[in-house]
Amino acid sequence: MKISARNRLKGRVVSVEKGATTAHVRLDVAGTIVTAAITNEAVDELGLAEGGDAYAIVKASDVMIGVD
Amino acid sequence: MKISARNRLKGRVVSVEKGATTAHVRLDVAGTIVTAAITNEAVDELGLAEGGDAYAIVKASDVMIGVD
Amino acid sequence: MKISARNRLKGRVVSVEKGATTAHVRLDVAGTIVTAAITNEAVDELGLAEGGDAYAIVKASDVMIGVD
Amino acid sequence: MKISARNRLKGRVVSVEKGATTAHVRLDVAGTIVTAAITNEAVDELGLAEGGDAYAIVKASDVMIGVD
Amino acid sequence: MKISARNRLKGRVVSVEKGATTAHVRLDVAGTIVTAAITNEAVDELGLAEGGDAYAIVKASDVMIGVD
Amino acid sequence: MKISARNRLKGRVVSVEKGATTAHVRLDVAGTIVTAAITNEAVDELGLAEGGDAYAIVKASDVMIGVD
């Protein structure tokens, strides 16, 4: 399936921390850590585990810009 | 100001496209284009222009994970 | 690609209204109209047009609950 | 109160799973399961329980489009 | 209808700026301006106009925290 | 760092409730309670504790409008 979300960053899973309902998945994306808060259910369904390849996907309207 | 948002990706502005109210700002982040939909007002306030340094900032709960 | 977003509602495109940068795409999902605000760019890339099949996709953390 | 959110999908609560702070509420919406991640506090305040009628409410800017 | 969104800030509409598809509505909330980006359609449906009473409504998972 | 998010509401932390992965931070903003769902990690990094000054920060596209 193709999706409208504009942002897809390729990375490698460095940690998966399940909570009671919400999991934190961390990807290494070109040397920067990206953290995703997703459901435990999605972690299981996608079979996410440390060392696996994955994408961080973000809708453009959820991206802010910062400047120093 | 320090902010709770977990994700901050350093990049360079490659384009700024203002609409009637909503602008699309594209950053080159380690070779990947990241698109942000923000207000025209924020573009002006931050002085965003092609070639400038900027960060893409995303709250962890707005990041999804995809796998091939 | 498989994605972590929990919600995928199958529908048919009933209208595509492009703005200056942001488009409104309306789907008929089992008789209810679902409106998505996405980039014009995504509309073009996905080839969205009236009458086509499409899914409305929503991350669980973006769904609220209402009761009468 | 009337709200600006464009999307309101009528359903029936099929499960309520409370976590430490975040609950997952699942609705059956015309035969499709819709999952909402909301606060435990909201679950209590709305009195959400299996079998009850409820709406899934989503802001248009949080809806993505996918195509096969 | 009661809604799960945790945050409801009472204010007064100070401006409504319609774009091609997306409007910016600004409320004065206890002396602070709050900006909402919503659809033009929602502006019409709610009859929003300068001087009217309105609430800014935000899901808890969309609120970040900053400290100086 | 300056950020594009349009909304910054000054308040005082009235409670910090950590969950397994997700914390709920409540601010008193001019007499109204604002709840933020952020990561436990962010709570630690920002040193959030009852009685401290903090801002609730919200992107304009995450603000809805309600009318009575």
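Chains: A, B, C, D, E and F, in written order; residue numbering restarts at 1 for each.
Just so we're on the same page, a residue touches a chain if its C-beta (ideal position, glycine included) is under 8 Å from a C-beta of that chain, and two chains touch if they have at least 3 such contacts.
Values in this document were obtained by computation on a predicted structure and should not be read as measured data.
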In contact with chain A and chain E alike are the chains B, C, D, F
Third chains touching both chain E and chain D:
C, F
Rounded to a whole Å, what is the gap between the Cα centroids of chain B and chain D?
29
Could you please state the distance in Å, as a whole number, between where the Cα atoms of chain A are centred and where those of chain F are centred?
22
Determine the centre-to-centre distance between chain B and chain F, using the mean Cα coordinates as centres, and give it in whole Å.
21
Contacts with two or more other chains occur in chain A at residues 1-6, 19-22, 24, 35-39, 41-42, 46, 55, 57, 59-62, 64-68
Taking the touch definition from the header, please name the shape of the chain graph: line, ring, star, complete or other.
other
Using the contact rule from the top, write out all pairs of chains that touch.
A-B, A-C, A-D, A-F, B-C, B-E, B-F, C-D, C-E, D-E, D-F, E-F
The residues of chain A that touch chain B in their complex are 5-10, 24-25, 27, 29-32, 34-38, 42, 46-48, 52-68
Which part of chain F faces chain D closely enough to touch in the complex?
17-20, 22-24, 35, 37, 61-62, 64-68
Taking the complex as given, what residues does chain A use to touch chain D?
1-5, 19-22, 39, 41, 59, 61
Name, in rising order, each residue of chain F that touches chain B in their complex.
1-6, 36-39, 41-43, 45-46, 55, 57, 59-61
